[in-house]
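Heads up, the next two complexes both have subunit A, just with different partners, subunit B and then subunit C.
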Partner chain A sequence: MKDSLAFEIVVVGAGPAGLAAACTASERARSVAIVDDNPAPGGQIWRGEARTPWIERARSSPVQLLTETQVVASPGEPALLAARGDRPVEIRYEKLILATGARERFLPFPGWTRPNVLGAGGLQALVKGGMPIAGKRVIVAGSGPLLLAVAAYLRRQGAKIAMVAEQASRGAVLKFARTVARSPSKLMQTLGLMRDLAGVPYRTGCWPVEAAQGEVKFRRGGRTWSEPCDYLACGFGLVPNTELAALLGCTSQDGFVAVDSRQQTTQPGVYCAGEPTGIGGAGLAIVEGRIAGYSATGRPDEARRLFAERDRGNRFRIKLQEAFRLRPELAALARPETIVCRCEDVSFGRIAEHRGWQAIKMQTRCGMGPCQARICGPAVDFLLGIPADSVRPPIFPVPAGLLAEDL
Partner chain B sequence: MSVRIADVAVVGGGIVGAACADAFSADGLSVELIEAGIVGGGASAAGMGHLTVMDDSEAQFALTSFSLRLWKRLETALPAEVEYSRCGTLWVAADDEEMAEVERKRQFYTLRGVTAETLDARQVAEAEPNLRPGLAGGLLVPGDRVIYAPCAAAWLVKRAIAGGARVRTGVRAVSTDASMGAGMVTLSDGGRVSAKHIVDATGAASPDLVRPRKGHLAITDRYAGFVRHQVVELGYLKSAHGHDIESVAFNVQPRATGQVLIGSSRQYGIGDSRVDAHLLARMLRRAVEYMPRIATLSVVRAWTGFRAATPDSLPLIGPSPRNGQVLLATGHEGLGITTSLGTARLLADWVAGRKPPIPIEPYLPTRFPAEVHRG
Partner chain C sequence: MVEILVNGKVVRVAPGTTVAAAVLIAGEERFRHSVRGEPRGPLCGMGICFECCVTIDGRPNLRSCQMPCRDGMEVVTAVFNEG
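Take a look at the complex of A and B:
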């Protein structure tokens, strides 16, 4: 028999959006649970931090924290199927708030599958998990403010940051920096990072073109050169985790979960907040989470009072998106023999023979491996403009025995 | 929009339509293949790709064994991505009653020239170490094969194109008319194809007589060597080929990648293609009953597909009773990947007026009175 739990409000994801949604909902709801697959709440940004205000607030609230619990399917009724270790748990809800966050975008370029090339956030998580980095020469490359956050963190842990390579142009970055400076809290955050990164070259309009053992080739302003490094940490922006929303039948728009002003998806009673609705940073995630929490507990007026704050967040989101839009040159780095799907070893040349995602998948096995296109799907979309749009349960691999248990 | 003219218009580019396009084009006829989605999508992308000789009836045996011979002729020509595997089938018997079935089946096959070997309890355990202990035995049919159907369909279509066939994907046939000795297919993009013969290879979407029968499958991560044959329970005969509303059977397959493909379920009256968690659970429980360690294998994906079922479990191959210009090539239920090549051969022979290698009569749609064929 499966364990079965039931709550009035279930929030999936314990990052900023999910924590804010759950705390807000718990002021009114009979019962609230947050489900997250990590050992502790905090999501991507507060990973491994115990003392952030929203985590403390959640811990002192009646919200039930279901950690190390991964939602893998939706058995049909208003219920989720989650995996806790090898055990299935059924989680029933009256209202559901999806706050599943985002993941890094990887772009295939020659050598990107080498062991010395890692995701920027991935390397950060590894180091938070105990991987020794002191004294290692690291280059952080890709796009977006996340690169600075990761570089600063790695440096504090003793890494030698040889360079931060930002693909966006100097003009775009400066324009964005002026925007950020308009909001004092963001300025503080950025200044803090700048202090941490004093002396580290920050090169704009610069991107990796090929990685080899011990060195990476970069391009900037028509010039190509090699930089020695132990690790290349790459992150080309974020991709929303929309799989669960898609499985529940929520409509998406341009790759993001479509929501109305109350953060409700196209499925009644299912709300969505944070990065799945748009990549706008923790501030926007929190305000969206709060609006979702108010909406799901029937408090539209309180929700409405936050709309202006959300609008500000959305303006920031759009500026972020404009400033760090990926340049088309990046789509030309992959060679025919460059691997795009790491799970199934499928090269770019084989993928480019087909015109739609289903044909790519069926004919080449791209996206058929354990990651189920989480990595190669966004890459194919960027390289060929073909979105990977098929989601089937389970959204994460689970033992067959877990799916075999019935109610 | 212009009218294109062809000898044969094949509607549907699943494995059956692909095989038909290939066979007609090999006969020197001009072929126009129209596929609403992609070649090798549909049920052909959902199925297991087990090429198997079946013995439910003489007619089923004739078509499956003939088709398997045709597949074997392609053995050396098929490209690597078709993942042609000589794994054979192991039918497992749980008890003495099923052992009696093993014996009957063995005699049936042997009499008809198909190699089949009875295995006792110990031999079954040796053949498939992950089967649970205590099974009565089994029947090994070493000549059965496994392929990856989407790539097989794509290869057949490529060969048809090399033979002059034209292929349109992403275009749906919206209506077919026949008058004055020619058929006319109207397409969703406004185009039309005029053809002497129209082949309806639309699988479960075919309007004639077929009922969609939903099936579930699940695939695991890579566990090379976990299972060596296509392993199927003999209870399959009782449960899956019966006409219950809903049934599951233990049926697992080793993929060339080392993955284990786990089947299967059968359900009538369901139009919704979503995975049904309860039926999937039932199907996996059945698999775990036979191979307990399956419980520990990581499932990466589950999906569904629709078989085209007919009242007598035989396909519909030949002229439609409602419209002689339309040749049906559908109703293959759970065997269409196997029987695609035989189906195409029979139709090509029919059109050419050649004597077919096996009689077509058992599969002619006219075996059902015209009023049973709905529009």
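Take a look at the complex of A and C:
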């Protein structure tokens, strides 16, 4: 027998968008729950920070926090099926708000599967979870403002940051910096990071080309050289987690979940907020979460008052996207023998023989392992222009037997 | 402090430490072996990539980055699993 829970509003994801949505909805709704796979609320950006205002607000509200609870399927009715350890739990809802966040984009290059190569946000999350980093020589590489935040965090924890390598050009980064300088709060954030990173080389137009034990080869302006390091922390921007939205039948546009002005998806009663609708950072995620919370509880006027703030966030989102666009040279780093699908060890050469995602899956098993193409899918899309767009339940691997009653 | 076993070795960690961190504290960076036998360790740190899977209390393929250490846990990584 599985457990069964029912709420008026169910929010999936306890990051900035989900917390803001749940807190806002709880002002009016009879019952609100947030479901999240992680052991604590905060999402990736507030991981390990118990004192963030939105986390404190959620904790002092009637919102029920269901952590270590992974949504795996949607069994037809307005209900989700989740796994809590080995136990299945059915979570029924009247309105659903998806705030499933984003993950890092990883691009394959020779050596990227070595244990000393981690995600940028990935290494930060591990250190927040207690991984020792003091005294380790770390290079942070890839693309986006996250690299600076990660480098500053790791340095505060005692890591020696040898270099931050940003693939975007100097011109693009400087143009973006001027945008940031126009927003007082973002400028303050940046000045804090610059203080934390004083003396650390920030190389633009620079990217890793090969990782080996104890050293990583970089390229910049036609020059290639090796840098010694204990860890390479490497992420090429973020990709939205849209699997649950796709499973529920929500339409997506250019890889993001399509929403109307009230943050409602193409499925009535299903809302979406934060990174799945566009990579715009925590500020935009919070505004979208609040709008979704108001909309889901029948308060369109309150929602409308936040539209201007959301518009500002969206303008920033577009600048972010333009500045950190990935250069085509990065698609040439994978050699025929370089692994693209880490779950099934499928090399780039084998994948490149095929013309569509279904053929790639059927012929090579790329994307068929436990990550269900969350890592290799965005890589295949970048390398070959083939979107990995098939989603089927369960959207996360679950112990056999858990789904026996439902699928 | 919480006490767990990693490949038979006692590791004492602060409460809230993830199993992934405890494995690294134990000096082990090979969490699992890939299907071709390559050593792998954590990548995403957020429960998405399944590269940090280990055996915990006899249950295989658990994501160590999403799992807080609990007193008395027995963790086994690829090295001990597959020799």
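Rule of thumb we're sticking to: the second predicted complex is superposed on the first by the 404 of 407 C-alpha atoms of A that agree within 3 Å, B and C clash if a C-alpha of one lies under 4 Å from a C-alpha of the other, contacts with A are read in each partner's own complex, and residues count from 1 in each chain.
Throughout what follows, a residue touches a chain if its C-beta (ideal position, glycine included) is under 8 Å from a C-beta of that chain, and two chains touch if they have at least 3 such contacts.
Note that the structure is predicted; figures quoted are calculated from it, not measured.
Partners subunit B and subunit C, brought together by superposition on subunit A, fit side by side with no clash.
With both structures placed on the common chain, the touch criterion links A:Arg317 to neither subunit B nor subunit C. Of the two partner chains placed by the overlay, only subunit B lies in contact with A:Val398; subunit C stays clear of it.
Using the contact criterion defined above for the overlaid structures, shared-chain residue A:Gly369 touches subunit B and also reaches subunit C. In the superposition on chain A, A:Arg105 makes contact with neither subunit B nor subunit C.
Of the two partner chains placed by the overlay, only subunit C lies in contact with A:Gly129; subunit B stays clear of it. In the superposition on chain A, contact is made by A:Leu81 with subunit B only, not with subunit C. Put subunit B and subunit C next to each other and count what each touches on subunit A; the higher total goes to C. Contacts of A:Ala359 after superposition: subunit B is touched, whereas subunit C is not reached. With subunit A as the corner point and C-alpha centres for all three chains, the angle toward subunit B and subunit C works out to 80 degrees, nearest 10. When the shared chain is aligned, subunit B comes close enough to touch A:Ala73, but subunit C does not.
Per the superposed model, the minimal spacing between any CA atom of subunit B and any CA atom of subunit C is 8 Å.
Residue overlap on subunit A between the subunit B contacts of one complex and the subunit C contacts of the other covers 344, 369-370, 397. The touching residues of subunit A, counted against subunit B in their complex, run 73-76, 81, 344, 356, 358-359, 362-363, 365, 368-370, 372, 392-394, 397-401, 403-407. Per the touch definition, subunit C reaches subunit A in the complex via residues 13-14, 16-18, 20-22, 24-25, 29-31, 34-36, 38-51, 53, 61, 65-68. Touching subunit A in their complex are the following residues of subunit B: 37-41, 45, 81, 150-151, 154, 218, 220-221, 257, 262, 275-278, 280-282, 284-285, 287-288, 294-303. Put simply, subunit A touches subunit C in their complex at residues 37-39, 44, 48, 68, 103-104, 106, 113, 115-119, 121-127, 129-132, 339, 342-345, 369-371, 374-375, 397.
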